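Okay, so here's the structure we're looking at.
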Amino acid sequence: MTEGTSNEHQVQPPSGLGVAMVGHAFMGAVHSQAWRNVHRFFDLPLTPRMVALGGRDAQRVKEAAGRFGWSSVETDWRALIERDDVDLVDICTPGDTHAEIAIAALNAGKHVLCEKPLANTVAEAERMTEAAERARANGVYSMVAFNYRRVPALALARKLVEEGRIGEVRHVRAVYLQDWLADEDAPMTWRLRKEQAGSGALGDIGAHIVDATQFVTGDVLTGVAGFTHTFVPRRPGPGGTEEPVTVDDCAVFTGRFASGAVATFEATRYALGRKNAMRIEINGSRGSLSFDFEAMNDLWFYDAEEPGATAGFRRIVVTEADHPYLKAWWPPGHLLGYEHTFTHEIADLLTAIGTKTAPQPSFADGLRVQRVLAAVERSAAEGTRWEQVDSTT
Amino acid sequence: MTEGTSNEHQVQPPSGLGVAMVGHAFMGAVHSQAWRNVHRFFDLPLTPRMVALGGRDAQRVKEAAGRFGWSSVETDWRALIERDDVDLVDICTPGDTHAEIAIAALNAGKHVLCEKPLANTVAEAERMTEAAERARANGVYSMVAFNYRRVPALALARKLVEEGRIGEVRHVRAVYLQDWLADEDAPMTWRLRKEQAGSGALGDIGAHIVDATQFVTGDVLTGVAGFTHTFVPRRPGPGGTEEPVTVDDCAVFTGRFASGAVATFEATRYALGRKNAMRIEINGSRGSLSFDFEAMNDLWFYDAEEPGATAGFRRIVVTEADHPYLKAWWPPGHLLGYEHTFTHEIADLLTAIGTKTAPQPSFADGLRVQRVLAAVERSAAEGTRWEQVDSTT
Amino acid sequence: MTEGTSNEHQVQPPSGLGVAMVGHAFMGAVHSQAWRNVHRFFDLPLTPRMVALGGRDAQRVKEAAGRFGWSSVETDWRALIERDDVDLVDICTPGDTHAEIAIAALNAGKHVLCEKPLANTVAEAERMTEAAERARANGVYSMVAFNYRRVPALALARKLVEEGRIGEVRHVRAVYLQDWLADEDAPMTWRLRKEQAGSGALGDIGAHIVDATQFVTGDVLTGVAGFTHTFVPRRPGPGGTEEPVTVDDCAVFTGRFASGAVATFEATRYALGRKNAMRIEINGSRGSLSFDFEAMNDLWFYDAEEPGATAGFRRIVVTEADHPYLKAWWPPGHLLGYEHTFTHEIADLLTAIGTKTAPQPSFADGLRVQRVLAAVERSAAEGTRWEQVDSTT
Amino acid sequence: MTEGTSNEHQVQPPSGLGVAMVGHAFMGAVHSQAWRNVHRFFDLPLTPRMVALGGRDAQRVKEAAGRFGWSSVETDWRALIERDDVDLVDICTPGDTHAEIAIAALNAGKHVLCEKPLANTVAEAERMTEAAERARANGVYSMVAFNYRRVPALALARKLVEEGRIGEVRHVRAVYLQDWLADEDAPMTWRLRKEQAGSGALGDIGAHIVDATQFVTGDVLTGVAGFTHTFVPRRPGPGGTEEPVTVDDCAVFTGRFASGAVATFEATRYALGRKNAMRIEINGSRGSLSFDFEAMNDLWFYDAEEPGATAGFRRIVVTEADHPYLKAWWPPGHLLGYEHTFTHEIADLLTAIGTKTAPQPSFADGLRVQRVLAAVERSAAEGTRWEQVDSTT
């Protein structure tokens, strides 16, 4: 940069789609980061405006809005979805509130992004899916926030499966291992109450591996058998009390995909030392893929078309410009993190809305996951009996 | 070494226990290597003499004996077990012959080492166990050859569990992944015929992970639910023929240990790129352990007693002099391989016989594994229904 | 969230420190991301306002400002540093411009953040350091942007060294491996012209490992010996021309720290398959540390105080709330990426300015790195002769 | 196996090449294991007979012979090499004795296998090489025991380089890291006395990485610059005494291959937590190779001919039947260990002798390594000055 004349220029503020978000805890924080930055990296047909944040506690929601960058607040989500400056509602509240908010928003003509699991019951998820399909006929779109589909390594995995690089899928094995409840003295939280959370590890993290494996294989689970377990049935509540844990601590199940592929699943919050080990391995007739979220920038690919003497699982560092989503970011080897999966999700959502295309994963995809979880719960209740996954539309 | 007087000295040939082996394929080769060398590294109360090799084809058994170092051959195993110079019979034949040979040998007062699976049926395994217990009362010992118990890393894992380093076991997840059948054109072998092999992946490699997890946890599986699958139902036989595959290609099942620990298992020969990935992870209330045979010298240990900021799975390179079996071998970091697990097994067997102690794993341990596999097969036949593992003695 | 009265509230726009940035290529993009978001995650005494972006081309800088979120633009950096609403100048231009801009900004009473390497020559770096020290006496602060100090894993490494967990440092080995020039047909860029870039791999990425190892050890290099090499001496320029490459493609050198520790270094852009493998291993008298930026969330720690039988390099997933910088972010196992190192850098810078503390690394630290690089170049010119690193203040 | 007539057959004892070994410590143990077993796995033109073991102490050598399987003993190596039943002498003594024994054996018409380093001085190595070349003219062969050339993964690496799979070699980086001296209180051993060991880490393990990189690249080092260091200058001797350490504890150096490739080397016994980390990475113009002895069954290969989106370092588990040496061993994924490198070495030696071909690595190869080490020592003595490696024949 050399000398030159001063040439000050006021840049225009962004304009576009008015976004409101309900809920401002962990998910609210990471969604906000994505809303704030998505248009800085992706060329989008619509630029989000962060117009309003909803939360029950006036003081706390105001503080959160200031921190996260929302222009205004509402303490009543109904008021929020009625606002003219709101075009899209992003639902980051616990699962028991999803159906009511989402359906109301869709009916009010607002696009909806809803955190997973879509709902706490299949019945709710069905009603939400119906509402989504009605709205879509009117150009109002919805998406369920299975962000792991937007891990570049898993998006690449999907692409490789689609291109036939691993052939016909034979085996799917997926675990989601965390350890934040391994300590028996960890306190009670809303996530351990069935009425709020719907289920425990099964619905929270099991949902992710069900969706992710269905996404990567492009297939659906048709039957499952398994059980759940609660290792620590009571937890310390506030003020020296004890409260019963009413959800599962872990779930294990076997399953079958429509193609006949054989599957195993495990979700737990008691795998000491595993912090967020969402691991998927898929073996096909021509190759294999392997992924671990704790090294989320890597995809391991085994290509059986290679001569045996030089075949091996190769570690693809998924940071090249021709990898999914990567053109927007940094040079090769400069890693992305957890939050970027949300940025990608919202980039895809805005692109879909802007181009009047139905975004993926849809509420119907979310319902499909709920039905798998429900089948696991039925199987668990019936001595691990094989349960078909309901596939009525 | 400096100058000195010539001092030639004829070293005495080894003496001790007369050993005969039946079968001389893959298992015969690796057992022979162990018999030839065990006393070179371990201080033993008995030194093996490799007196006879049994095999049906006179020409082939003679060649094998020459190659493997056996002093004589027999084409009739009955003749072999009657020989006075034979004190121990090592059975390396397919599973359908184990019961007859083992029982005859035990009744003839010969110690027995029997390859796994102990038998092709629970009934056979029960008769073998009875024979073993009768023989033991007479000072005649027997062992089933679950060699993975003698991987130093798994022996160390057992020790850490025993010392309470991972607390109470909560999760067991084990897979045994191979890929040698992934090619649909791979030819038929005896391992794919039910009448010889008993079962497929389940009995061959599933047996190993059932035994190994029971060994490391010091616990037993009490119930299971799962299914098996045959991906390629027909294989090329000799001369352009086709032959039906009558065993499973893979097995998946969930289970429970007596302690209540939750378990998942998978055995397959179709996981492309996984050559011998016998993987075990165990999560307890104080720590975790993880192992993969494809890096068999490593044990990964997570100690939750460490402060969080410096806690992590540590890779223990199990080659230190104070690791199990390692005092006999090389300096730290100079790795051992697959075959050494058999050397350790036979060292333990000889020590047990020499000190008149019952060797481990016993035929009863082998029977216990068979009963688990049988429960998996019953569950598979009954729509993955939960099946108790028979625990009658 | 339940029903409630509408309670709209206009959140106040942030206020605080006026920031201007010069340069808007790769470094400009990542710095902008940090400036936009730092106060969303960290509690800071000052909130940055992104008031102006400087760049020579009016059209391009205007576009960049819109994309990156800067409120106005300047095409003359002199105009930019004279603006009253600018309190801090962030220099993201090539190295040949650093000295002039930084010194002018400091003299104008603006805090300065300057990208590395601090300058293209030791003489420039010395003048910058003098200007920084004069300014500091007046409460005007400066920092050189060695962002790798803010990788949480390396910050944790520093902490462990400081706490004596690895004892006295004996060995340092560091490599920075990239491969973006491995293709002989890759086109010419400013980074390959000595007059703009100062040096090649040595100054660009070698500088990072010199600074990072000095940071983690808390020590300084006192002598070095090595050489550089240019594998591809000519590169395609625009329009079918060819242009000479006037910088090194790689540099290798040995060295000594003041403590006597023995060191090796290598920087290259020709290590095919290594995308951004900045790797550091440090062996001390009580333990060791190991790091690879391609798995940047992990720190490997070997604690020799552990009993030998359970000692091993442990993989610390540096995402716990009590790890450096992590309290601001996501739950354990939810990884951070490359860009977060800049967010941390700017958080530390703002905290330092707000609390009137000299930020680290200072221009003097940057000068120290330059002097090491200069010593390497002298050694290379003199047949790898040992060269003392100049330590005059 | 079914009933049949008894068909006892006395197998003929092996016959072939009479082997004598001098020295019976660590190297003697592992060589003995190879001599005992090599013909069990490899089809060889000659079968070794282990006729005599040489050692100074009559009692100890007798015990060792019994344990290792040698038929007789000699306390004077001169007597040993004069025996008519000895065709080959295997030298496993400390380096200061190699020249005298090897030359005498060769002059007596015995083939020689000599442990590395070939000698403690270049002058000795030159005399040995001359003797080896004279002997070879008479059909008497010799080999220096750089066993790492026989790690299957490194043999595969050599093959891939030879086939051009990584193109022209640009970078070689090699370290050999151990930690057995990291404890300052570890006692004195002969390996720390210059008069016996010649040098420390440089000659013991540095020699291995020099030879292995020359082998894999098929090239030779032409110049080096570096230094050595002794961290702990005195060690406890017997009976409370202290003894000076007269060799290096570590060596670091840069270098150039004849092709122009840039190299770095480090050998140390002070890298806490690294037990036998002999690591080699080679970057070429078309790909890269990476190896770590602590995972010795794996070779990592990066093929830059792959499309960028699916390129990555692939982990080849070097246990396939078409990998070097593997046809002799177990099924895929059933790992080999350290000792097998010696079995391979001796298989190659016996094949070479039997087919009247000069075995590799020759004494000339050993001399070439000595000259590199000597150049490092000269460079260290002259302030890391660049030193040409002597290449006179």
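Think of it as A, B, C and D in the order they're written, each chain with its own count starting at 1.
In this text, a residue touches a chain if its C-beta (ideal position, glycine included) is under 8 Å from a C-beta of that chain, and two chains touch if they have at least 3 such contacts.
Computed from a predicted model, the values in this text were never measured in an experiment.
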Homomeric contact chain A-chain D: same or different residue positions, threshold half: same
Centroid comparison with chain B (C-alpha atoms), farthest chain: C
Rounded Å distance, chain B centre to chain D centre (Cα mean): 33
Geometric centre distance via CA averages, chain D-chain A, whole Å: 54
Whole-Å gap between the CA centroids of chain C and chain D: 43
Touching two or more other chains - residue numbers and ranges from chain D: 274, 311-313, 317
Contact set on chain A toward chain B in their complex: 166, 170-171, 173, 175, 177, 179, 182, 184, 225-227, 229, 231, 250, 252-254, 260, 262-264, 266, 268, 270-274, 281, 283-288, 302, 304, 311-313, 379, 383-386
List of chain A residues in touch with chain C within their complex: 1-12, 22-23, 26, 30, 32-33, 36-37, 40, 52, 54-56, 58, 62, 65-79, 93, 97, 101, 178, 180, 274-277, 293-297, 317, 319, 330-340
Interfacial residue positions of chain A with respect to chain D in the complex: 156, 160, 165, 300-301, 303, 308-317, 320, 322-323
